[in-house]
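Below are two complexes that have chain A in common, paired first with chain B and then with chain C.
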Partner chain A sequence: MASVSLVNICKSYNNGFQAVKNFNLKVEEGEFLILVGPSGCGKSTTLRMIAGLDEISDGELWIKDRLVNFLKPQERNLSMVFQNYALYPHMTVYQNMAFGLKVHGIDKDEIDKRVKHAAEILEISHLLDRRPNALSGGQKQRVAIGSVIVRQADLLLMDEPLSNLDAKLRSQMRVELAKLHQKLGATIIYVTHDQVEAMTLGTRIVVMKDGEIQQADKPAELYRNPVNQFVAGFIGSPTMNFIETIVYRVGNELQLKFGNQYIQVKGLLAKRLLNMDYEGRELTVGIRPEDFHLEGEEGTDIEMEIDVREMLGAEILIHGESEKTPISAKLPPESKVRAGERVKLYADIAELKLFDAETGVNIFYAQNGNGEA
Partner chain B sequence: MKDKSLIKRFGAYGYVVPAMLVFAVFLFYPFFKTIYLSMYKTNKMGEAKLFVGLGNYIDLLTSKSFYNSIAVTVIFVLIVVTGSMLLGLIAAVLCNKTFPGIRFFSTAYALPMAIASSSAAMIFKIMLHPSIGIVNKLLHLDINWINDPKYALVCVAVLTAWLNSGINFLYFSAGLSNIDESIYERASVDGANEVQKFFQLTLPGLSPIMFYTLVVNIIQAFQSFGQVKVLTQGGPGESTNLIVYSIYRDAFFNFRFGSAAAQSVILFALIMCLTLVMFKVEKKGVQY
Partner chain C sequence: MENIIAKSPEHISREELIALQKLENQKAKIKRRSETGILIGANVVMAILILLPLLYAISIAFMPSSELFTTAMNLIPQHPTLENFHQALVKVPLVRFVINSFVVAACITFGQIISCSLAAFSFSFLEFKGKNILFMIVMATMMIPGEATIISNYLTVSGWKWLDSYQVLIVPYLTSAMGIFLFRQFYMSFPISLYESAKIDGCSNIRFIFRILLPLTKSAIGAMAVYTFINAWNMYMWPLLVTGSNELRTVQIGIGMLDSVDSQSITLMIAGVVMIILPSISIFIVGQKQLIRGMFSGAVKG
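Here is the complex of A and B:
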């Protein structure tokens, strides 16, 4: 097991493009850390810099208290699963898994023991004599993970290992990976663009955008208290609803107006908004689809027209518009709503996220949580 | 109705006729004519005059000169194939990375392909000249490269290897670009060094194209002619009398077309057998 520290890590290219900007992060021993973000956000580049496959332009990379900036990949004692698995096409599954050990000059009996043990864990013992072209996507993926396990390296890196699998296999492998992490207790850094993978696998998630860390936090915390509108929109499925409003004062209460509708805010929340001088200013209100209900307190409701109703068995998803703002809501399966209907949805005010319309920052981020991003 | 169905049945063959005509005139006719001639003694015009059956073959198989020719050819083929494949492979591996000026180097390595063997032989003749040649000057030697039986065959073989390395460079470059870059990255992370990567990933990855290149190179080497004609004319003595040059000499110097035809048939049989054997072995040798 190893801890990894990235100190002011930057990656810039000759044409001036900066793929990663001032990346600071400490990955603790045994952590399952997820780097997540949209395509081109620099997450794979960061991983490749840790692996030693891409040069670090600036900053320091420490693995297990050793500065490794100038060490070759083979000297960093880590192993990696690639997006396309990168299996050696001319070798059998056994040889593929044994390769990393063989080049390290490990004893034949030891190699045999480790490969067979890993094959048992991954249930691929019957495939050991096959070549990669005779394997299915899921089997290839297991072989790639097997090759990583046998190395018993300090650090496991995984670059979107599930992205080539179909949905069913992906969810199955997700569970397998989680189990594997518990069993091995290894430090894993895992790159994905799939927020479901990130939420289910990670002990900590780093959300990235344009080469910068947006927020690094535990999955539940990230969901409950996103630092900004980008993180709020990226994490959660269906995505959070964002309604652009203007804050009006009516007596002691505030109305967050959009079009001809408004959401009423009273008490402490109203007071805090007034203290922060938001009267008359624009605020983006974020409401998760599950925080809409068909019943609730007067003044917290918005009216929407349902365009599509999706019955998912355990819940119903409705999608539509309210004052030209797209809205999605998650309702209980017994809800009697139909496409084409107008319906009143009551927002759970306690769960409202409020973002500054100009900066996109969650204005109550520091008050709501640890705020230590 | 009957006409229509005839066109329907045989019309498609019409498309093959032009190609078949060319093949017939330039390939099939000479091929069968050669077999026919190989069983005759001919006059100076190359016309078959006296049927001798396998007489020409028996003469050849009892002739020392023919065995020398075969031996020289085999040594020549070994040197050429090894040399040209190694040169092509090394050049292709070197050019498989991107660096400034890569296009210049790629072109330079592929260029021998575009040079006629006789012009290359002319250039080599000057370079290898005992008194004014650059080779002797650079190496501070005084060797008569082309006229010494010890070196003549090696010189012709090296020239041929260089000439053939151009196309091999292209074959191997194509083969290398088919190898997935990510397996090298994985190997780096797995801890493999450059030598291990070359022998355990690159060479096995090239095995399909390697086999094809080997077959083409062997056939090509067996058929080398121009460089011998210009550089050594089969000499000194018979030290560079490759089988194709021997055929040429028998036919157009000695006017023994029958014997030349018999040698051609033997050369054909030799190359065919070798190719068949290689295709048999391929299934075991090619890695995936």
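Here is the complex of A and C:
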């Protein structure tokens, strides 16, 4: 196990493109850290820099209190699972798992012990004599993970290891990865663009965009208190609803108006907004689909026309528009709503997220949480 | 049957339907068989046309001279004989030439596989300044015909006192731009993550090449080996220029020696030719699958 520190890490290419900008992060021992973000956000580049496969343009990378910027990948004592498994097709599963150990000149008996133990953990003991082309996607993935486990490296890196699997197998492997992390207690840095994977696996998630960290926090905190509109929109499925509003004052209350409708805000929240001088200014209101209800307090409702109704068994998803703003809501399965209908949805005011329309920043981020970015 | 076809589905009986199905199946079978027959027939005709010179050469090799020089059209020997082969082996040291050619072709093939795969590895897996320009220069050498450099090469090797030796036949051909290109194309479709994974595992480049890359690119090696061996076996101009003694002559020049001004014998020469094309043909037959697979690898996403 090792801790990893990335200090002002940058990656720029000859054409001037900066893939990663001033990346600062400390990964604690035994942590399951997830790097998540849309395609091209620099998450894989960051992982490859940690692995030593890509050169670090600027900054310092420390693994286990050792500056490793100029060390070759094999000198960093880490192992990596690749998206396409990277199994050697001409070797059997056993040989694949033993290859890294052999290269390191480890004793044959020790190799045998480690390979068999890893195979037992991953339940692939019966596959040891097979070649990769005789394995299913899930089995290949287990072998790839097995090859990594046997190394007993300080740090495990995983680059979208589940993205080649079908949905069912992916959720199954997700559970197994979580179990494996509990069992091994290893430090894992895991790259994915799938926010469900990020939320379920990570002890901490780093959301990236355009080469920069947007927010690094525990999954629940990230969901509850996103630092900005990007993070709020990225985490959660279906994505958070964003309604662009203008703040009007009516007596002691505020109305967040959009088109002919408004959401009424009173009490402490209204006071805070007034204190922050938001009267007359634009605010983007973020409401998660599950924070809409069919009943609630007057003034917190919005009217929407349902375009599509999706019955998912445990819940109903409705999609539609309200004042030309797309809205999705998650309702209980017994709700009697139909496509084509107009319904009143009541927003849970306590769960509203308010973003500055210009900067996209969550204006109550610091007040709601610990404020650490 | 037309009556059945004209009937609507509600009025057709089960028996009639089965009969109709049988008839249609029969028709389709006849059509398919006739198409296959025509294709096979056309292929056989083309194959005979293409192979005719070779088959006729084999036939002549077994013919006594007296049969060849007649006005009758003797395509097949009336009195087959092995005398031509015997004479060819007695008149010139053909076995020695075959061994020479074999040694030279084998060394060149081995050398090219090693050097070209190493160069191609650098061009496809390593990152260094001027990589693309260097590769372009290597490719550009393919545009220079061998004849253009043959004199200067001759002067160079004669300056080194290498004439009439094995090394003069082998060393100048130990690498080829074509081979580098072929291997590089093959390596371009090789998953880079295998290389990266091996690197993280602590594998050196050399170990990666010999333990992972080469075993996984057998078809490229096969293609390269067949192509290079046949080319080296058929080399004529260079060995003619740089070798003088019988001990070092290659087979292609040896065959020329069978054609003497004093006693020209077509049957004798053809018998020699038939003997020396056997190794290259057998190598081609053995390696043709590899050759085709290797030549077209990387052409489409696989």
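The working rule: the second predicted complex is superposed on the first by the 373 of 373 C-alpha atoms of A that agree within 3 Å, B and C clash if a C-alpha of one lies under 4 Å from a C-alpha of the other, contacts with A are read in each partner's own complex, and residues count from 1 in each chain.
In the analysis below, a residue touches a chain if its C-beta (ideal position, glycine included) is under 8 Å from a C-beta of that chain, and two chains touch if they have at least 3 such contacts.
Since we're looking at a predicted model, the values are computed, not measured.
J.: Superpose on chain A as described above, then tell me if chain B and chain C fit or clash.
T.: Verdict on chain A: clash between chain B and chain C.
J.: Based on the superposed arrangement, let me know which partner A:Ala51 touches: chain B (first), chain C (second), both, or neither?
T.: Touch partners of A:Ala51: chain B and chain C.
J.: Determine, for the superposed model, which of the two partners chain B and chain C contacts more residues of chain A.
T.: Between chain B and chain C, B touches the greater number of residues in chain A.
J.: Go through the superposed model and pick first if A:Lys324 touches only chain B, second if only chain C, both, or neither.
T.: Neither partner.
J.: Name the contact category of A:Phe82: first (chain B only), second (chain C only), both, or neither.
T.: both
J.: Given the touch rule stated above, what does A:Pro73 touch, chain B (first), chain C (second), both, or neither?
T.: both
J.: Pick one for A:Arg131: touches chain B only (first), chain C only (second), both, or neither.
T.: first
J.: Between chain B (first) and chain C (second), which, if any, makes contact with A:Phe99: first, second, both or neither?
T.: After superposition on chain A, A:Phe99 lies in contact with both partners, chain B and chain C.
J.: Return the residues of chain A at which the contacts from chain B and from chain C coincide.
T.: Touching chain B in the first complex and chain C in the second, residues 51-53, 72-74, 78-80, 82, 84, 86, 88-90, 99-100, 103-104, 151 of chain A appear in both lists.
J.: For chain A, which residues are in contact with chain B within the complex?
T.: Contact set of chain A toward chain B: 51-53, 72-74, 76, 78-80, 82, 84, 86-91, 99-100, 103-104, 131, 133, 147, 151, 157.
J.: Which of the residues in chain A come into contact with chain C in the complex?
T.: 51-53, 72-74, 78-80, 82-84, 86, 88-90, 99-100, 103-104, 151
J.: So in the complex, which bits of chain C are touching chain A?
T.: Going through chain C, the ones touching chain A are 191, 193-194, 196-203, 207, 212, 215-216.
J.: So in the complex, the part of chain B that touches chain A is made up of which residues?
T.: Of all residues in chain B, those touching chain A are 180, 182-183, 185-193, 196, 200-201, 204-205, 207, 287-288.
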